[in-house]
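What follows is a pair of complexes built around subunit A, which joins subunit B in one and subunit C in the other.
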Partner chain A sequence: MGLTPAFAVFGVFFALPMAYLLVVTFWRIRRYRLTPDFTFANYQNVYGDYLHALVFTIVIAFVIACITTLLAFAIAYLIRFRSGLFGQVILLSALATLFGGYLVKIYAWKAMLGAQGSVNLLLITLGLIDQPIEWLLYSPTAVILTLVHFMLPFALLPILAGLRGISEAPLEAARDLGAGPWRITKDIVLPQCRTSLFAAFTLSFLIPAGDYVTPRLVGGTETFMVGNFIENLFIGRMNAPMGAALAFSTLLACALVLLFVNWLLKRVFTPKWGH
Partner chain B sequence: MSSNGEIIRVRRYFEMNRRDMLRGAAAVGAAGMLGLGGMGKARAATDINFVGWEGYDSFLVGGGFDEAKGYTFQKTLISSTDEIITKLRLDSSAVDVCTPYFVNDDFLAEEGLLAPLDLAQIPNFEKIHPTIKQYAESNMSQDGTWYACPFTYGSLCMVYDSKEIPAPTSWADLMKPEYKGKAAITADYQGNIFAMARVLGIANPHRMTRDELAKTTELMIDLKKNHLKAIAPSYGDLINMYVNKEIVISQGWEPLSAWIGDGETVKIAYPKEGSFGFIEGYGIGKGSSKSADAYALIDNALSLQGQLAGADLNSMPVVTAEAMEKAGPASKAIYDYNDLEGYFNGKTLIMQMYPLDEEGDLAIWDDYQEAWEKVLKA
Partner chain C sequence: MSGPLLRLDTISKTYRDVTAVHPLDLEVGRGDFLALLGPSGCGKTTLLRMIGGFLPPTTGRVEIEGRDVTALGPEKRNTNMVFQGYGLFPHMTVAQNIGYGPKIAGRDPEQIDLDVVRMLNLVHLNAVADRLPAALSGGQQQRVALARALVMRPAILLLDEPLAALDLKLRKAMQDELKALHKAIGGTFIFVTHDQGEAIDLANRIVIMEAGRIVQQGTPEDVYRRPASRFVASFVGDANMLPARRVGAEVAIGGGRLPAPGVDGDVLVVIRPDDVTLDATCPIGLDGTLAECRFMGPYQRLTVTLADGTQVIVHRPSGADAAPLPGVGDAVRLGLPPAACSVVAP
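Then we have the complex of A and B:
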């Protein structure tokens, strides 16, 4: 009984709309109007016309998630094990970037990466380059940089929570037995925060996979992600069935990637003392 | 205590006695009165649901008309013209004033999404320059009934940095080797398809065969892959690119040069193939309960104060004969009001809606949108 309101909210605001959208994927558009039908043509078109965009999106989101999770782990590790009270300052600094807002961060990177941006000016001043680097902005690099920066605080929190849950006892025992820092990290720390790593990866993978604003603003002519096409199918072409089919295909592809990553993390970071 | 005798901890957030209750009641009463006062004010104002481009509402409210009449604008600003169709389809009665793309007007009227305009309620409609009316009529009216009311016009012309390059004369200049990586276009698919189709010598880019559209798509893909720096998501982004010296040539819009400012040297040019001309109009969503207010606002947009306010604020041109006469020097410097015929039938071309239904080998509207997606995907 206690969970009934939660289930009701979940059902009305998530499950039902999603179910409707799933039904729409089998409908058709006739003269720009939604027409009930039962066809797999939308899915066929998605795999025929948008597979490249889907694969590109999954790859770029995967790269972003890997970089973000690695960086977040490094920062969280520093806060938990290496920096003492200074760790709180690092944590606050990382979380303070959340106040900046999404668009502000995008435009900040635009200002930094442009031909006359601070990055290029710094490199020129240091004498490392003669001409501004053109590919810094309006490129996949810019999309990756911007989204890694945006996702970092979100990935940091679950990993830090996981690291804080690790007891000192096994760490001290390992040290006493002569294990080095890398061995301790690999065999004790990482296995014990595996679920946190997965949560961080999931967050930093799913949000970029669905993003369509960042690639439009800082991506170049070849950085259009699947979100851009879903948006265009719904709004521009008024083709909700194909847009919904592309959205569900993206969901499926994301789920497969996450299942794989979960399997990989389990395989690599299983506690050694369990064997 | 629970039924099974265990002690249950109840967290009490406040203690309330009679005095506190009376104090609370007084506070609630006072807040209620203040609230009612506020509601009274809100009731006096009329909310107008506006769907359109940013800045396009400035003609409607020119001369402080909204404040004088108590209108409050609830704006839904668009990033593409197709969004208006989506909004109208969701509920046209919830759209009091909108600025549909003028080639879509016939389609929207046929779909029953735009209300037929009662011109008796827009007395200033008579002031619209006959040339503007002439070129707007085929798109904005059906069987003598107007579904949108012109308020400004313009074209997707060429823009260039005059300090860096000479004035371009053709859309093909975007593909000159010396401008490689220094050129940009906006995400306006109609304008882009028009420009490249004209480079291929196609007379009417809105009535292309599928073969012609395929060739145009190939040319756009070549432009995108081998020449462009970026596809700007907005004119603001395009301006940033010029200011940051990232581009020297692009597709654009007349007000751009004025928006960049006096210190810049960005200018407009009309290519020999012609620019994609448009006339913007206000429409009223079918079933809007505030159509009387919408008419009053549209009439104000065509008044001298409305026209000049829009022109001053946005550097966009005016459409009434009296406003053309009284327009400031900045407006007259960009727009040659003395040669409107030359503008609409020389510098620019006014297009009709794409075919909606299969018609021989002609490409239909969705084919054009699909072509643009192909360009983005390539």
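Then we have the complex of A and C:
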């Protein structure tokens, strides 16, 4: 009963539009008009024309999510276990980047990664390279760097909450039984924050997978992610059925990846020995 | 090997500006079942954690089996701890919780299985070996924590308020079980408790702490019968405390004299309610009136008011052969057997 308003909002603003979009994927465009139909042609076309973009997007989002989750865990671990009061400073500085705004961050990375950017200048000043590295900007690397930086605070928060939920006594018990810091992290800490790791991974996978602004601004002429094509299908080519079919294919692929990651985490972090 | 199993040498702990444990010495022998007893906040946990290696002492040395282990962490000491909240690994089954230590120690898998089964038998948990801790009762969790520590065959098993979280009935049962365990494996146990009844029942030696210092140690009988201070007398069991004066190493009370070496001045004569008699032939006798008589089940609890207003509590067995009682308001003469009296500073 108490949840009825929530369900109503969810239904009107999420489920209904999604359902409409799903229906549209089976329609077609006839004489520039959206016409109800029941065809799989849109999915076939998507499979033929955009599979590479879809795979590329999933791979890039996967890489971003892995790096982000690992980094976020490392930072959260430092905050929770290693740095005492200093941890609050780390947390605040990580969260402060949230105020930067999305576009500001993208332009900041653009400025840093360019041929005259601060990263290249630093490397040259240090004498590590003679020529600026060209592929830093306008490349998949730039997209990954920018999105990892953008997603980091979002991944940090659930993991930190997960780590804060782990009580001290099991950690001390593990130490008492002879486990070193690495064993304790692997055997006791990680399994207990599995769901928050997964939450962090999910966020930092889904948002990059659907992003089409970052690749356009720092990805260069070669790096198109599936969001760019969806946008183009809807707006540039006015082909809503194909755009919707591509969007749903992406959704499905993302769901499969997340199911797999969840299964993998469960498998890795559920102790199986000793039966 | 000669010498004590555990030796604490002027060990102390200061947190910032709070001294939780003042410099103290303690020796624990092999096979001891030692209770660290004291009120909440007196530094028992702090002391236990220094023995286990979880807290570096501010001063002093910890020696186990003749070896200085002061600088070693818990993972390098031959001690294991049963934590106050148990600290079970929530994502591991009972068997995995117990097998974790042996696995870390690199025992071979078949040996681990044997060890785990042996411990499961010892603490009667075979039926729940594959359950997660959340699916266990408090008493079962407690036994997992015990088994998980004991499987490591520690030279010293440390227990922090092991029974505090259990309800009364379960606590009594676990008390018996702990005692049986100690007997069965013949180890050395040190446990922390604020419950004097538990300490008296379980331990063969009690160390009483007050505000970070050891104030008395000895057998349960010693500390109960011969309290060294007013604090011990009131903390361990019920005690009557009668004001008196010491003159020339003697305390005169109720027509008798108690030998009591020490400087002249005010003292308290301590006697347990169950040691006070209604026997008029006793060399120390106090006159008073019976103010109240309550039936407590196994015993009767009499309250006697003395001439100076002091109240004395007397426990008498309520069995069938107990002598008939005077009525409330009647004059009674209390007998204080000199051997049962202790003299402490007020």
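As a working rule, the second predicted complex is superposed on the first by the 270 of 275 C-alpha atoms of A that agree within 3 Å, B and C clash if a C-alpha of one lies under 4 Å from a C-alpha of the other, contacts with A are read in each partner's own complex, and residues count from 1 in each chain.
FYI, a residue touches a chain if its C-beta (ideal position, glycine included) is under 8 Å from a C-beta of that chain, and two chains touch if they have at least 3 such contacts.
Since the model is a prediction, treat every value here as computed from it, not as a measurement.
After superposition onto subunit A, the partners subunit B and subunit C occupy separate space and fit alongside each other. Using the contact criterion defined above for the overlaid structures, shared-chain residue A:Gln131 touches neither subunit B nor subunit C, since it reaches no partner.
Of the two partner chains placed around the shared chain by superposition, subunit B is the only one that A:Arg216 touches, whereas subunit C remains out of contact. Legend: residue contacts after superposition of the two complexes on their common chain; A:Thr4 is shown touching neither subunit B nor subunit C. With subunit A as vertex, the superposed Cα centres of subunit B and subunit C define an angle of 150 degrees, given in steps of 10. Of the two partner chains, subunit C is the only one that A:Ser167 touches; subunit B does not reach it. Judged by the touch definition given at the top, the superposed model places A:Phe224 against subunit B, while subunit C stays out of reach.
Once both structures are fitted on chain A, no C-alpha atom of subunit B lies closer than 28 Å to one of subunit C.
On subunit A, the patch touched by subunit B and the patch touched by subunit C do not overlap at any residue. Residues of subunit A that touch subunit C in their complex: 167-170, 172-180, 183, 187-188, 191-192, 269-271, 273-275.
Taken in their complex, subunit B has these residues touching subunit A: 80, 82-83, 85-86, 89, 181, 187, 189, 224-225, 228-231, 233, 237, 240, 244-246, 356-357, 365-366, 369-370, 373, 376-377.
On the side of subunit A, the complex with subunit B involves touching residues 31-32, 49-50, 52-53, 110, 114-117, 134, 137-138, 216-217, 220-222, 224, 228-229, 232, 234-239. Residues 52, 54, 73-75, 79-81, 83-93, 95-96, 99-101, 103-105, 109, 112-113, 116, 130, 148-149, 152 of subunit C touch subunit A in their complex.
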